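Here chain A shows up in two complexes: once beside chain B, once beside chain C.
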Partner chain A sequence: MIGLFLAAMRFQAQVVRREPDYLMSLVTIPLLTVAFLAIMGNAGRADLAPYAVMGAALMTIWATALFVSGELIDADRWEGTLEGVLAAPAPYQVAYLGRIATVTMISFLGLVESALIAWLVFGVTFPVPHAGLLVLTLACTAFSMVGTASIMAPLFVLARSARIFQNSLSYPFYLLGGTVVPVVLLPEWLRPVSNAIFLSWASDLLRDCLRAEEPVAAPARLGVIVGLGVLGFGIGHLLTRAVFKRVRENGSVGFA
Partner chain B sequence: MTTAAVRVRGLTREFTRRRAQPRLALDAVDLVVEEGEVHGLLGPNGAGKTTLCKILSTVLLPTSGTALVNGFDVVRETKQVRQGIGIVFGGERGLYTRLTARQNLMYWSALYQQPTRMAKAQVAELLERMGLLERADDAVETFSRGMKQRLHLARGLIGDPRTLLLDEPTVGMDPVAARDFRSLVAELRGEGRSILITTHDMAEAESVCDKVSLIDGGKVIGTESPRTIGGWMSKYERVRAQGVPDEVLARLRALPGVSEVRVENDDEVLVSVDAEGAAARVLRTLVDAGVSAVSTSRPSLEEVYLHVIGDRGLAVR
Partner chain C sequence: MRNTARVLRYAFASAMADLRATYTWKSWGLAWLLRMLFQVTLFAFVGKLIGDPRVVEYLVIGNSVFIIADVVMLVCASTSWERMSGTLPLLVASPAAPFTVFTGRSVQWLLDGLACSTISLLVLPQFLGVQLPLGTRLAVVPLIAVIAVSVYFFGLVLGGLALRAMAARNLIGRVGSIGLMLLTGVQVPVSFWPSPLESLAQLLPLTHGLGAVRAALGNGSASDVLRGIALEIVVGIGWALVAAFTYWRLVESGRRDGTIEFGG
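The block that comes next holds the complex of A and B.
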């Protein structure tokens, strides 16, 4: 099982190397970073620069999950490779999780890229007072992002207008996930929805890692991020099984 | 009951679509492919061949009936079925075209749960066997159609399957590649594998199969020996000629076994026959009359079906 997961990760890395369009979100992240930093600078809130960097990166990570990981199964369907994957003896869920893991790992390069842009364009650098916790939070965020993307991939196979569906999951989730604007600043009635999204917990904790004060209840918050990720894996697993059963029933495994 | 490679009983598949009549792709199909046999499924486009292959490879569920592959049920025992089969779906699709041939096969090996070291060795062996070793590290999108088809075949052999399902495997192959493919099928049979091959090419069915089942409109019409298929091809051969004088046309019409003499495009004559040896008699008559622009062609599958089903009084079972 681990062998298959690693082979699928390696395979996806080969795909990304051969198809640079998978990296499109890493091309747009400098624009986001520059825009956020410019707005915050002009508003006289240079102290928010770390938030701008983190926000641009989190938006990129979410967009990659949505538009790249989310399309892996459907892309296989269009290429005519899904039939072969489904007819192979290996558990296809593991293969897709491996591929999603690679995409997610690559999307985290957006954080490095965003920080570099901030430094190169605006000369902004910022200390990381809780570096250990930051790394741990990033790892937990990556884990949960893979789990969440595993829901999207089968979901977009079901959607008749997947592209519209994807777009509708981008900006609302940037907002509800607190990627740029902390959830506490949102209207109160939105908070329960935000709390059900792992990204909002991850965004808050990541920002807290950049502040001098000790983050409050960090282990519990990490637990929530991981817990919601595990929930994502569970839902993704069930949904993938259901979707594959459905396409086998209605004869839409391939488009040929 | 001995374990056949494929045993299909009463297999039916209906496709339902929104605001359209349901389409019956397979209608109570019965079929047995014995172990070690190369069994052809011969039928025109839309006959139900691909639907049957998809059901046997577990990517499509039947509406009713049963199908066993290597003794395992394709609905209830998918894992065991998948472990014992190799599939080749014809056409250009089904490969990761931006990746190299080797990268494709290594991924498929992982999906067949081959340990990496073993996979590397097997992939190299398959690439060599398919004549693709020199291009192993080139992107598949740069391959010719025939090369892609050979890569499909290599993929089908990953995991060393007992039973192979080849769905129109020679589509797009040039005649040389198709001939090489036929030798490969003979080799695979020599290795004791069972093969179900779908095709609409009668010559292919005749040359590679031990048995041929005829399928049309989702029904298996019957199972014949390849020799019978070959007989049909010569029996229903067509002769084309140009510059045939009127009196020769009359002589052709009077020949035994000539079913139709049709003048097309002013000068071109198409002679259809429906008896063994009739084509030879037509050719001799034309040559004796000094007509030199003569060619023969094989009948289409549809024409043969029309003759065969007609001869049997539409005894479709």
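The block that comes next holds the complex of A and C.
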């Protein structure tokens, strides 16, 4: 099982290397760091720089999951390899999780890019007082991102207007996930929605890691991020099984 | 002239067929439009994070107008679809100028963008606590339409580049769009940037038109509005000429080195 997972990870790394279009979010979205920092700098609020850097990074991670991980099953279907994946004795879900894990790991380069852009364009740097917790939170965020992306991949196979919905799940989640602006600033009635999105917990805790004060209730908040990730894995598992059952039954495995 | 009008009419029909194939009313309204409104809202909330209502207003106006540029820049992708569908050699072989065809071929984004931008400007300000008179907001819609055309020709130039570098077609469009967002006064005044970038912004579409919209919605004089929109038209004509040259070069060099079909 672990061998399959690692092989799938290696395979996806090769796919990404050969198709640079997959990395478009990594090229374009960190540029939004410049927009956020310009807005903040122009308003005399350079102190908000960590919001800009962390926000653009989280947007990159989400967008990469949406546009790359979300397309994995559908891309296999288009390329005619899905039949082979389903016919093989290896569990396909492990293979897809391995591939999603690679995409997610690559997407975290967005954080490095955003920090570099902030430094190179505006000379902005900031301390990381809780580096250990930051690394742990990033790891939990990656785990939950893989879980959430495992929902997207089968969902986009089901939806007839998959591309449109795929495009449309970017900015709503950037806002509701509190990537740049903490969810506490959103209207009260939106908060329950935000609380159900792991990204909102991750972004809050990541920003707290950049503050001098000790983050409040960090273990519990990490627990929520991981818990929502586990929920994502569960839903993704059930959805993938249901989608594959459906395409097998109606003979549309290779008919995208 | 009559032939050009006929080619444009057919290209327009093709664009509208593309639009119908891309969206249903439901998927446009519930997914695409909503996404665009969230985009404006996100930037407006950056203003709320800063805590200055003037910044919120600046961002709501800038990003509502920017939506049209963001959508219209899809012309870059839809232009490159012609090479992907294998129709580029036929366009080159036909007696009509490819530039005429490409000018009409992606106008669906003008309508899409104008609808998104107008709805954003009409609906979002009151939700985001920005006071702008409804009548003035309606009055700036024609100005936004002028911006759309000006950005369209800029996008056509980038589309011409994308036809030469197909692997980077989406990237070219996105970087072009983000470049406009950063430099043309959408998020911060153009004077925020160093003078070479500020000068570059004067040559880009959106800069002057957005200035005119801001003047119309704020306390600008009628002459500010007229001057801004006149400059936007001049910039648009400039980009239209560059676009015409780009497609002429594409065809000429493609004929010479045999890259019309396989040049991507």
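One rule holds for everything that comes next: the second predicted complex is superposed on the first by the 254 of 256 C-alpha atoms of A that agree within 3 Å, B and C clash if a C-alpha of one lies under 4 Å from a C-alpha of the other, contacts with A are read in each partner's own complex, and residues count from 1 in each chain.
By definition in this document, a residue touches a chain if its C-beta (ideal position, glycine included) is under 8 Å from a C-beta of that chain, and two chains touch if they have at least 3 such contacts.
Note that the structure is a prediction, hence the values are computed from the model and not measured.
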First (chain B), second (chain C), both or neither touched by A:48: second
May I ask you to decide whether A:32 touches chain B, chain C, both, or neither, giving the answer as first, second, both or neither? second
Of the two partner chains, chain B (first) and chain C (second), which one does A:171 touch, if any: first, second, both, or neither? second
Who does A:253 touch here: chain B (first), chain C (second), both, or neither? first
So in the superposed three-chain picture, is A:81 touching just chain B, just chain C, both, or none of them (first/second/both/neither)? first
What is the contact status of A:21 with respect to chain B (first) and chain C (second): first, second, both, or neither? second
With the two complexes superposed on chain A, say which partner A:121 touches: chain B (first), chain C (second), both, or neither. neither
On chain A, positions contacted by chain B and by chain C: none
Note which residues of chain B are touching chain A in the complex, please. 13, 15-16, 51, 54, 57-61, 79, 82-83, 85, 87, 89, 91, 93-99, 103, 106-113, 115-116, 139, 155, 159
Residue positions on chain A within touch of chain B in the complex are 3-4, 7-8, 11, 14-15, 18-19, 79-81, 83-90, 92, 95, 248-251, 253-254, 256
In their complex, what parts of chain C are in touch with chain A? 22-24, 27-28, 31-32, 34-36, 38-39, 41-43, 45-52, 55, 59, 167, 170-171, 174-175, 178, 181-182, 187-189, 192
Chain A contacts chain C in the complex at 20-21, 24, 27-28, 31-32, 34-36, 38-43, 45, 48, 51, 161, 164-165, 167-172, 174-175, 180-182, 185-186
